[in-house]
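Here come two complexes built around chain A, the first alongside chain B, the second alongside chain C.
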Partner chain A sequence: MSDLQSQDYIRRSATTMIPPDARSWEDQVAKLIDVTRCIGCKACQAACMEWNNLRDPVGEFHGTYDNPLDLDPKTWTVMKFTEYENPDGNLEWLIRKDGCMHCEDPGCLKACPAPGAIVQYANGIVDFISENCIGCGYCVKGCPFDIPRISPVDHKSYKCTLCSDRVAVGLEPACVKACPTGAIMFGSKADMTDWAGERIVELKSRGFENAGLYDPPGVQGTHVMYVLHHADKPGLYADLPENPKISSTVEFWKGLIKPVALVGIAAAAVSGFLHWVIAGPNVVQPEDEQEAEEVLEANGFPEARGRSQRTEHPT
Partner chain B sequence: MSRPYGTLTRNSTITRLNHWLTAACFILLMLSGLSMFDPLLYWLSNLFGGGQWTRAVHPWIGCVLLVSYTGLIIQFWRDNLWTRDDVAWMKAIDKVLENKEEGVPEVARFNAGQKFVFWSMTLLVPVLFFTGIVIWEYYFGTYTSIPTQRAALLIHSLAAIAAIIIWIVHVYAAIWVRGSMRAMTQGWVTPGWAWRHHRKWFRSLATTGSTGPRPNSNGRLNK
Partner chain C sequence: MASLAPTFGRGAMTNTWQDIKNADLVIVMGGNAAEAHPCGFKWVIEAKIENAAKLVVVDPRFTRTASVADYYAPIRPGTDIAFLSGVIRYLLEKDKILHEYVRAYTNAGLIIKEGYAFEDGLFSGYDSEKGQYDKSSWDYELDDQGFAKVDDTWQHPRCVMNLLKTHVARYTPEMVSRICGTPQDKFLHICEMIAETAAPDKAMTSLFALGWTQHSIGSQNIRTMAMVQLLLGNIGVAGGGMNALRGHSNIQGLTDVGLLSNLMPGYMTLAADHEVTFDDYMKTRLYKPLRPGQTSYWSNYRKFFVSFQKSMFGKAATPENNWAYDWLPKLDIPLYDIIKAFEMMNQGQMNGYICQGFNPQQAFPDRGKIRRGLSKLKFLVTMDPLDTETSRFWENFGPQNPADSAEIQTEVFQLPTTCFAEEEGSLVNSARWLQWHWKAAEPPGKAKPDIWIMSGIFHRMRELYRKEGGAFPDPILNLTWDYTNPVEPNPNELAKDMNGRALVELKDESGAVVKKAGELLDGFGQLRDDGTTESGCWIFSGCWTEQGNQMARRDASDPREAGIAPNWAWAWPANRRILYNRASADPAGNPWNPAKPIIQWNGSKWVGVDVPDYGPTVKPSDSVGPFIMNAEGVGRLFARQMMVEGPFPEHYEPLESPAINVLHPKVQSNPAVRVFPDDRADFGTPAEFPYVATTYRLTEHFHFWTKHARINSILQPQEFIEIGEALAKEKGIAQNGWVRVASKRGFIVCKAYVTKRIKPLMVDGKPTHVIGVPLHWGFTGQAKKGYGANTLTPSVGDANTQTPEFKAFLVNVESVSGPLV
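Our next item is the complex of A and B:
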């Protein structure tokens, strides 16, 4: 989206200067997706397409309710349907709205090499500033949830913006507005956490003893949270990660080795310079030419003939 | 090309062209790669027309480098085989660094340091190529799993850093040992240069009557 809200940046990709965070009084926001109240109508998907003006080509039927099967550059949210047979032998239809989780510690932003292509606002929303995106796909590797998708059309990365453009002017995200059951709610993170707590008490009283809130601490919490009936087994919900965190490979690649590499490269260059100053160049001496010539002459080397007339040796 | 009487050919024209194509690719890859490696160096992407261009062109230059370096391997591998003398030379590296080469084992066409650069790059170039293919988002982004791509990115970065440091050693050695640069630009060295730095190579040329870069295989004098 646009970067009109640059005063709200608290994180900015590939930027060593700390963003000014000029409007730090912003409330932390969150979208709460109550999976236990979702009926799988896909109104959120339709609203997302409409608000963001995305028109994915009509796909193919794969024998499931998932349509399309997965996120793509023009599908920023998708309902994932799982048929789960619980220990009592009853079928549960678990429907999770997949999309960007807006991590408090975003792996995409950490991995991004392009300054300002990924930002995080003071309200917690993680946004891709497409004009700065170079299409390298590092965000795809950085994300613990497999969310960003690179468009083959313009070679830029796309994902849910949490309707940062709507939120900026006091509206709720389009999916929230469209949800007919109130399964998607939006507000301050504190309010959403409180509300989820009430809902979880209710679910527990109705027999879902493992009901709980999905706000994974491995990424310092997320600004999209789920109420799950089986919070002890998030993997049931179309492979929602149990304990998502930024991969240690990515942490190492984007952390320690950057300064170590630059120091190493600089040290190599400085060592060369110091050697030049201390030992100096290795220059061929007239004696070398003299001895070489004797060897050549001893071997009857025709090229050597006439060399002794030359006064200066190129070195 | 005019060259003084009595000089020896150190590198043939084909070798030199091959070398400089590889060098150009390496430098472009280093600049574009560093711009995508560390945000402090992102400005280097301006040299390539911006971030999108840098991202797009880097893998293609890598493909050219792989082909080009393969050419160097074909031309150089035989003279880079490790020998017992190389161990002795390495043990005397302190004398070499002090520019006191007397008493250091005689060196054939390449010394142990040059062989180290050659074999390091021979290892690193394919590692960089294959890990680079894995992370070439545009064509190969969907062929491997994300954990594989993460590992490839890390290995690619580490291999590139190693290659850059080795490249700095290589460039400095060419500046340090006077006459080496011309050996790769114009292709020739003086007999004294060969005597001083690559005496065994020099003797093999002298006894077979060759003017370089390799001794005459029939071993006869070229009278």
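Our next item is the complex of A and C:
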């Protein structure tokens, strides 16, 4: 998506140097999804499609109200409906708006090898910068919530931006604006946490003893949080992870191993420098050129010879 | 609204959307507010969070509303009267009623004529040959002065309270459960919750919609809850009321301006054939007070009528020609409703049809019959912003519309119109607000406003009458058409016509000038019956005054956070937001709930957050009843002669039902219902069609419009039915598998959603399965092609309104291998 807030980055994928965070004083924001007052009307889905100009093809019925059936490059949020029979034998229809959780410690960003393809702003929003995306899919592996989707058309990764473009100019995300029952709220993370506390007290008074806030510590909290009636069993809500963590592989390669890898890269650079100092720069020899042209010609690139002639230089 | 008017006097939602937040208990029954009214439903959530309200849902399915409810109970479609009569019995037996309210504000103490009776499912006066009642015994016993006799001690055996007790005595919890399939414990739990709102400072609001109206006993469904609300003292108060949630943005406006075959604007009624003279007509519309000193507002009928005629015919309506009474059409039958219209088409008695903003091929019952009817027309004119199934009925779309085009000779004129955002005007919402809206975009292509089209038809017809004479040219030639642009009258001018104006200088009793000639009126209080005022729709008078367009006001301030924003748009009547608000205070004028007063008596006048629905200086000691549109001034537990099938509601089975009426097997269904012989032949039996089906809407779509919109089609792309796990297992139907659902009238082939949200109900000892049929898909638009739920539904309507019985009928279901091609 957009790169409107480059002044506000606090994290940038595959980059050790972080740009100056001119507005790092910004409040941490959060979207609070109160599933206990959500009626599953999908106004949020419609608003998301409209604001971000996303249109999937008209699909099919799949034996559920979930439509489209799952997130995809053109569906960044989807309502997930679960029919749950509670221990008292009563039915509950649990409806959860699924989409990017905007982790404080974003696994996608950690996993991403493309410089600047994934960024985190000072307000906490995790955003994908499409022009830098190489479509490798590491973010999919890095995400503990299974959110990013790679487009088969442009081979770039897509997900909810928390309407970073709207938030940047002081508006709430489109889904928040569209929600008719106030089930989706937006504000500072502190305010949303306080409001969730009030909601939880109210829910407990209605008999939901395990009502609680979903703000999982495994990813150092999220900038999209849920109020759940059954916070002790998040898995009831269409497999919301109980204790999401960044995959150990990503943590291993990008975490512990990263210094080792950096040492390796540094060692290579140093030895290269030494080689240059001692042996002088590598020069492409005429026999190397010749060999390359033969390979290309054998693979059906007849113009290769002319190109090499044009690039010929006196060294 | 043939149930609220007979009970309270006006056919409209009593409170406002915002006021729902004041409720202590919200009951959603006969509707699915979260699904069908998601925006308004915010006020239910507000009530829960800010007012600790409880939400109860009674529905055949566990709905989206049920998903946020505190308590849910299932019910068999078409048995709501049994359930609610059981509630009335519970309230009376446990003495959980607001006594002072019931005594002063309802007809509980009024005495009924000696001839009134109810026996074996029939009220007194039934003529089994005609299938109609002689209703003369369903009325009050009058004294010498013509006033109804009263026994406020409720000792008289024929006072309404005692007749009601006797009537509901049969609806024991056991009987309710036997009929409705609702488990007894759940029924009783809901009774207890409802009973708590009999306290003077507690209120329950009833939110309902087509889940009650679309039954052969639809009007009586609503009346039963209206009676519950009267007994609890929940009418006229904050957070109470009977809140009819409207399904179209302007459907309240449709009835307000009288777009039904038997109505005129402002709920005046069209004359019948036998009312030959104006005097005959007025004789039954005088509405003389039935209690001493009572305000009976309809006694002003003549003022409303004469002002209407002046607005229609201007100078041509004179005292000499009885205000052009003879130029109005007269009815030879009670109603030319849509079921009747399609019957007439099928019989060859109607051969042209102008179909404006209406899609009967998709919206009316027994789709096959609709198609056959349209096929017999000489011409069909459709006026709609969208391509409709009706305008394409003649085209073969495969199994979803198997028309034989070569055999159809109907000439179809498809006129594209503007949609609401491409024109200005007003819409009336559920809460009776007239809200002005402005044009946002130019219409596409050749689309024209309905006003332009109708004006064009009128001018051409008038020209033909002028040239050729004709049998009865007077009403057409004398119609006033005094608009700046006669080809397309401006909505502003039409709105001012509705409001009305003084035709001469008007003076009050003291001789002071109230209005100069030509000035817009301030309200219907200024209307006169001597031809000096005109108003096209008296209840709208006050909407566009000399102070400007009141409907365009946009001040949302709610001074006391009471849910009343008096300067936002304009509400009929007289900008009152809560109807019957005199009843929010006790007989002495003090609010029942001091925390949420609406109006109260301050010693010299009524003051509060709303415009009093009452004489502003009428003293409490005058004992004028709060229901000023009723001649007796009180709410009607006993509806007198206002309903065709009885003054009390009675449980009758749907025309297609899996069960015998255990209360009176000989009177199975509504004895006053109208059924055409060919339709009766198309009713199925439980042997052939053993399952109960009900139709409904989904949040993702608006009726049959939004299947034309890409986003809505993405959100719910394809036709499906909902079926419980038990029945699916029994019938070998897989989740997301293909099924064929058939009624006696036709079949659909679609996907199945096997769900825990529908469970078999034990009805009279037998498990009864319900199948849900969402209704949005047809053969035009962007969504996948569908057959439409109306392929299955029976052609029979409510006995009072002829609203089709879409909510309870019989089908069979079977698994099939795939779609038909």
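Rule of thumb we're sticking to: the second predicted complex is superposed on the first by the 255 of 315 C-alpha atoms of A that agree within 3 Å, B and C clash if a C-alpha of one lies under 4 Å from a C-alpha of the other, contacts with A are read in each partner's own complex, and residues count from 1 in each chain.
Rule of thumb we're sticking to: contacts are C-beta pairs under 8 Å (C-beta built on N, C-alpha and C of every residue); 3 or more make two chains touch, one makes a residue touch a chain.
These numbers come from a predicted model, not from an experiment.
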Contacts of A:53 with chain B and chain C, given as first, second, both or neither: neither
First (chain B), second (chain C), both or neither touched by A:61: second
Greater residue coverage of chain A in the superposed arrangement, chain B or chain C: B
Which superposed partner A:16 touches (first chain B, second chain C, both, neither): first
Touching partner for A:42 - first (chain B), second (chain C), both, neither: second
Chain B versus chain C as contact partner of A:93, first or second or both or neither: second
Partner chain in contact with A:182 - chain B first, chain C second, else both or neither: second
Touching partner for A:250 - first (chain B), second (chain C), both, neither: first
Shared chain A surface residues [contacts with chain B and with chain C]: none
Chain A - residues contacting chain B, complex: 14-16, 113-115, 132, 134-138, 140-141, 146, 150, 152, 155, 247, 249-250, 252-253, 257-258, 261-262, 264-265, 268-269, 272, 275-276, 279-286, 288-293, 295-296, 298-304, 306-307, 310, 313-315
Chain B - residues contacting chain A, complex: 4-8, 35-40, 42, 45, 50-52, 54-56, 97-99, 101, 135, 137-138, 141, 146-147, 149-151, 153-154, 157-158, 161, 164-165, 168-169, 171-172, 175-179, 182, 190-197, 202-203, 206-207, 209, 211, 221-223
Chain A - residues contacting chain C, complex: 36-43, 45-46, 49-50, 55-65, 67-68, 83, 85, 90-95, 180-183, 199, 202, 205-206
Chain A partner contacts - residues on chain C that touch it in the complex: 34-35, 38-39, 41-42, 45, 48-49, 52, 62, 64-68, 70, 72, 699-700, 710-720, 735-736, 751-757, 782-784
